[in-house]
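Common to both upcoming complexes is subunit A, partnered first by subunit B, then by subunit C.
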Partner chain A sequence: MTVTSLGVPRRLLDLTLDGEPVRAPEGTTLLDACRAAGKDLPALCHVDARTPASACRLCVVEVAGSRALVAACSREAEPGMDVRTDTERTRHSRRIVLELLASSVDLSTTPGIAEWIEEYGARPDRFGTDAARLEREPIIDNGLLVREDGKCLRCGQCVRACGGQGQHTFALSVSGRGFGSRVGVEYDAPLTDSACVFCGDCVDVCPTGALSVRSEFDLRTAGTWDEPAQAVTTTVCGHCGVGCELTLHVQDNEIVKVTSPPDSPVAHGNLCIKGRFGHQYIQNRD
Partner chain B sequence: MNRDARGGNPRLTHPLVRDGRDEPLRRASWDEALDRAARGLRRGRGAFGMLACARATNETNYLAQKFARVVMGTNNVDSVDRRSHAASVAGLAAVFGSGGGTSSYGEVEHTDVVVMWGSNARVAHPVFFQRVLKGVHGGARLYAVDPRRASTAEWAEGWLGLNVGTDIALAHAIGREIIQAGLANEAFVERATSGFEEYRALVEPWTLSLAQKVTGVPAPAIRELAHAYARAERAQICWTLGVTDHHNGTAVVRALIDLALLTGHVGREGSGLQPLCGRNNVQGAVDMGAVPHRLPGFQDVLDPDARLRFESAWDTALPPHYGLNLAEMFEEMETGGVRAVHCLGENPAPSEARRLKALDFLVVQDMFRTSTAELADVVLPATAGWAESEGTTTNSERRVQRVRKAVEPPGEARDDIDILCDLARRLGHPWEYAGAEAVWNEVRSVSPDHYGMTYRRLEAEKGLQWPCPTTDTVEPPYLHGRLWADDPALRGRRAPFGLVRHVPPVDLTDERFPIRLTTGRRLDSSNSAGQQGGSPRRGEFVELCPEDAERYGVVVGEKVQITSRHGSVVVSVWIDTALRPGLAFTTLRLPDHNDTDQPTSAARCPIAGTAEYKATAIRIDKLPLVTYVG
Partner chain C sequence: MDLRFGDSQPTDDERAAVDELLGPPASSWEGAERTAENLRYSRGGHAARDRRDLLLPGLHALNDRIGWISRGALAHLCRRLTVPPAEAYGVATFYALFSVSPRPTTVLHVCTDLTCTAAGAAALCAGLESRLEGDDRVTVRRAPCLGLCERAPAALTIKAGDPARTAVSAPATVEAAVLAATAPDSAPEEPPTEAAAPQAGDRRQTGAPAPSSPPQKQTGLPAPPPLPPQKHTAVPAPPPLPPLPLLTRVGVVDPSSLDDYRAHGGYTALRRAFVLGPAAVLREIVDSGLVGHGDAAFPGGPDPRATPIGLAWRAAASRPDHPHHLVCNAGGSGPGAFTDRVLMEGDPYALVEAMTIVAYAVGAPHGYLYLRGEHPRAARRMRRAVERARARGLLGDDILGRGHSFDIEIRRGAGAYVCGEETAVLRSIEGYRPEPRPTPPFPTQKGLFGRPTVVADVETLLDVLPILTGGPAAYRSRLVSVSGSVERPGVYELPSGTTLGELLARAGVRPDLRAVLVGGAAGRFVRPDEVDVPLRSGVVIAFDGTVPLPRLLLRVAEFFRDESCGQCVPCRIGTVRQEEALRRIVDRAGPAAADDVALLGEVGRAMRDASLCGLGRNAWNAVESGVERLGVYG
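For the complex of A and B:
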């Protein structure tokens, strides 16, 4: 018996993107449809294979008939939709969003942000230095994970990854309201005293580097983090029989970071402490 | 540095040799070390054993067993990690003909009942358990069968906290209840199984009340699990070392398989049996034939067709009998039946040092200077399979995935494949492989189940599950669909019920040893001496329930002596409410941190040779107060 499970068949929908007809499978988001058509939209809080957070509002597009701008990351494509990705209104909105975000949050470790700021002509400094959120020191209370609240967008992806969408540990949550809201653990305890299981899945979904692994943080602090020089290799974890795929980031023949490919059929972008951090033992080379 | 920690030890960076029994290991060139290894092994021909490695790649395991069979002319090849998975393989192979889990991870997300039996997957296999939780969110009912009310049980609808070592009694009681309630899948039993009448007679005495007495699980809970499992449209039983690490591990596995046969929960999408391996390539080591009774691809050593295929492919004559398994090899080391051993990436010394010392010649091929390496005549520095070499590994859902070289190995360390080929060449077998892919292509040519898995396909499809007999199709994710075929010819061999009896643990508790010590994993520990560098939280402890702690007057962090009939060890106390009076817990054999191996029971499963790690009778003694002066 040779049967391949194909899942539920998906229709192809016809819609127009910036006046050009495109076809997208039923259930895809406008962001996916745009990317499939070769139009990349700026998006911060979007993480592949995760439920959209719709928080950063950078990917907004105009949809004919819709009064407000819609977030392309969460809006599903519908037949006959007329979508405009690059209008005066979307550009203006993105520029303001970039200015608001970049003036209040430390985006120094956010990939792509400098290019977008230039592309949209954003001037984050026009709100003055007072706009910046009160700088908090990085929280280094363990040897594996570092939290930097000053870089946090409050998009909530880490909270979902820690909770019902992946880990089911529910250590991270958003506390406080408005400007006082922040991501933390119960009673604001050190991570080692919290429910945290150190899987590091929150690091993989964090768009700004507010959550990072200690090895990366230390190299960045020392000024020796050199991402372009890093080799990236996908392999399989050596710890248990589940067989999660790992992406090893190697700089100067040292594993400096481990991430989980989101399209892995085994792990779906999740890992545990052993896969994420259990590689030091092969590097004892003195 | 005579330490054993994979965590703290520096890597081996150059070959080591020993000039005489009592000489220390000294640095040597590769040529000298390999020449010596070849000389020693040549002398040991006829009394050779290969210890393969469940952490090494499929390609390395394939060459390791080929080395034993072709170069050394013996089927004496086995893996030290048999203890974690051999019972599952033996049980599944006896019933269905192939020793792999019958389901895939994806199915657990779309099933109706999941029974986690002897498996604290929440911490031992966290990423798999996330998929179980997806199933639970989709409406699946989860039951945990575990002496400890561990974190897996926190997610379950029902927790069956059985007494350690009473799994068969519980399984039989569930089977009897299913039969009595008329919930057996009679059509399936009739068409696809054999031995049902004997099974019915076997489980007949196991009434719910007797089971309650023996297992300690309340009768209504047993009844609920029996009915939930039997009534489910689709159901899965998943197990880990809690089932297999018993002196009768294979029998426990058979008792669980019986439940699947009884209800027809096998061979269909969403219904199946899913053992989870403790090491990354336990499944692959078995698949590649690094076991004494099977050639690569689960082909029996005694099957004339398979023998013919391998003898012509390898241009050799294979020994016409099964080899020694791990336990037998260690026994033969004492009696002289095994004189020379090649130990690849494993460290049996902490429990078998005496027997290893009795060998004439020991080659160790490892990343670290382990305590086994300290006993070796030649030590060959190797690479980390998953990050320093190319190849494939096979996970618990039979998925073969590519591992890739990401970092250069330290010093002169060399790839396992190169080392084995170099050694084979010195012993008169001109092995030449252009790399891991060439080895894999040879595997494909001799194992029909792996034929369709080219490296290119493995890359494109992100791993493929065996069986994969063709290069352009994908088989269903579950095994043994044939059992449901209408045509009796397609249905093939009937799956036999396992007629196994409940035997209490060998090591009984009594007044002198009143506490049952069981073992397992913690999230941030991995067995064989924590492979990772430093847990963010705490080290190794013996865990007690609060009642026992109070009874013995001990507090968290206090060092106590635990003593069994086999030995004693000093370890700190931790208190865990998952335990109940009379039950203690510690993490698996961590010889460097503590000597849990010492006090555990030495009984072994007679079929698979797995060791009894889960049921040791111990007592706990407070240490005398010591006052240090000066």
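For the complex of A and C:
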């Protein structure tokens, strides 16, 4: 079986996935190689087309010769590698990781997590009622973005998107360390007092919904957010001549969210405040 | 990149602290007085961006002068270095020695880690807190290991000012520590370094001649006489020790004198290296079988014992992307690990020479020496040694007139155990949050500033000296720091293959030995009847029955919870759940503890398997061994 790659042809490497020989282009991660081979690993902090964070550790696999398990999202395939994706060890670690995560943060807006919790038989309540949780009120300090620390996986993808791997705005950073670390701006100031340009790119990459646009947050709070009922249309932003692709999420004839396709050759998933939030002013009927 | 620094301005003192480090600002873009038009935005060219690695020294400059880092001070530093304030805040809040909120100018760090706990740290802390309560000049901080374990319990005063003052109190009494905290300048001087190297002391007392050069074996010097017989040990008296290649000068040379170092064989190894050439130096290191000792305080990564370290160094040396870098990581701060401190205090020029040799071998024009923020005397002596060596042409552009160029920059850590990890220390030096990254690529492939980098600990580097002067066969000893329930705690140098029992006998283990922790917080407990095995780690702590073992395990768990960088889920949350479970069962055993013990095992296994770096992977070792070998909750 061959993994198809886009772009310049690269040397093909031979390796073994769960006992089956596969070929993968040089530079492919094990996660990509697995997916190409039809194996889907749980991978929460992995955001396509972004540098792997390797933080959630759900995608761990066994690589022969390696003492610890290996995160498939960041490890590149090497010739002769012998990789096992579904063993007692990998299942154990994934289950515990799911339990640890779900016992400490609110994963109610994390896509896919409920299925994994079910699949791996995770029981997040086993740490008891005294288990420390990150209970934090949502931070609503501006009209466009909401930050919910209590949902944060702390993968840092938002920091990368805001900084050197996207906007180059560098408004966000992780501060503190360990369990108490969190994402924010310097001296925990409000976003309006920071370098933030409200492009919303951090929202697009956030895998847990810890960052959300205000319109979605408000509808969720009101209990009227209805994703299955939303129509999704792709269009081109008309605010300037760059021509970024926009994905409009429409519910009850209102645009409730604008995202950008990460694989768009123009914007690479990055937008600016006009593309992301300009519709609010068009829709504003007051 | 347009950065926004906000309107906060530094005080005059804060501005001076930063500008003294960085020099006066060259233009308004670099943080000079601002005009109305350029008040909020600043753009830095490459020159400014290249100085990102001065962020950590800049934070130190502020913390040293003021005692904490204000918003205006941080903004000023960020303007000067063209660093985003959010990132600088992220860096400042990572390190335990910095504060981003106002606090008293004097911080009294009181060690509450394993050895000090066994030596009464809890009472010391309580005493200090009650004595200093209401004194708004001093705050007491319960600190992880200060690396003064041979003199437990330990306390360290750091008083901000120009310059900042420090005073070490160890062994500390409430009286002495209060005096040090309120008047650090009048605190008594620390005992001499050789007091922490019992073998050095023995040699001096017995009048054995000071060796004139490291290859003692070949110069035929008499071996030092056996140590006096020990009273309380079950193990027979140890045999006489062979010569000590690494501790040879500790307590013998004047650590401040380059001439004295040279009179004791200093710089013969570098001369020989220059004669051999880089490739042959690497060959001798490979042939010696030298393996890294980096596991002393921070195990992890590929098994450092598996392959000769010289092979990795050779791989780095042969990479085409220059410049290569050398980093000496003396920032490992694991509980019970103080070997680096003793070596740097007692024989600082040896490290300068060793770094010069390895840099020559791997083609690195630049070396960084990363020190612990908590070891002021080691830092002072290393700084002086580097300055002297530079002044005498032993560092710089034309070392020993041989046309080889190398210099050492000293960097101070600021309280983060994870900096013992080799990728974390690189990020720390670069001015980023010291979060480990997945390997491969290893630092020898892609290290400091993206270049091939050799990261080595102090002992591994010093091993190179006897290899070069005595030939590959000369390398055969290793250093162990011993603390806890022994008569003569300190750093020991022993032939490889020495058993734990022999070491304990030499250190004068007390009769009521209950458990030995081998390998520090990341290591494993062994029972007194299990000590007859070769020592595989450089950190040993002996415990008698006075501190209940469940408390010790809980302390280990607290340590890892505090020191986890927080980047990956199994470690960030696993260490918290581990601590919670151990707290629940601290007074329980048998069936009442069984559920939590099982839970610990499940979480521990996932931490070991799925964590990103060695910190998380080893955070369960001590607890596991406590359960399985000591039967703590049985």
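Just so it is clear, the second predicted complex is superposed on the first by the 270 of 286 C-alpha atoms of A that agree within 3 Å, B and C clash if a C-alpha of one lies under 4 Å from a C-alpha of the other, contacts with A are read in each partner's own complex, and residues count from 1 in each chain.
One rule holds in what follows: a residue touches a chain if its C-beta (ideal position, glycine included) is under 8 Å from a C-beta of that chain, and two chains touch if they have at least 3 such contacts.
Because the structure is predicted, anything quoted here is derived from the model rather than measured.
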Per the contact definition in the header, classify A:255: touching subunit B only (first), subunit C only (second), both, or neither. first
Tell me which partner A:178 touches in the superposition: subunit B (first), subunit C (second), both or neither. second
Counting only touches as set out at the top, which of subunit B and subunit C does A:231 meet: first, second, both, neither? first
Based on the superposed arrangement, let me know which partner A:199 touches: subunit B (first), subunit C (second), both, or neither? first
With both complexes overlaid on chain A, does A:264 touch subunit B (first), subunit C (second), both or neither? first
Using the superposition on chain A described above, determine whether A:168 touches subunit B (first), subunit C (second), both, or neither. both
Both partners, subunit B and subunit C, contact subunit A at residues 168
Contact residues on subunit B for subunit A in the complex? 6-11, 13, 55, 85, 105-106, 124-128, 130-131, 133, 137, 155, 269, 276-280, 282-283, 367, 384-388, 393-397, 399, 401-408, 410-411, 462-463, 473-477, 481-482, 485, 523-524, 526, 531-534, 536-537
Tell me, which parts of subunit A touch subunit B in their complex? 1-5, 142-144, 164, 166-168, 191-192, 197-199, 231, 233-245, 248, 250, 253-255, 263-268, 270-275, 277-286
Provide the residue numbers of subunit A that touch subunit C in the complex, in ascending order. 52, 54-57, 60, 67-69, 71, 74-76, 89, 92-97, 100-101, 103-104, 126-128, 130-132, 153-154, 156, 163, 168, 170-181, 184-187, 193-195
Considering only the defined contacts, which subunit C positions touch subunit A in the complex? 1, 3-4, 6, 71, 74, 84-90, 93-94, 100, 303, 416, 433, 437-438, 440, 561-570, 572-577, 580, 599, 602-603, 605-606, 608-612, 617
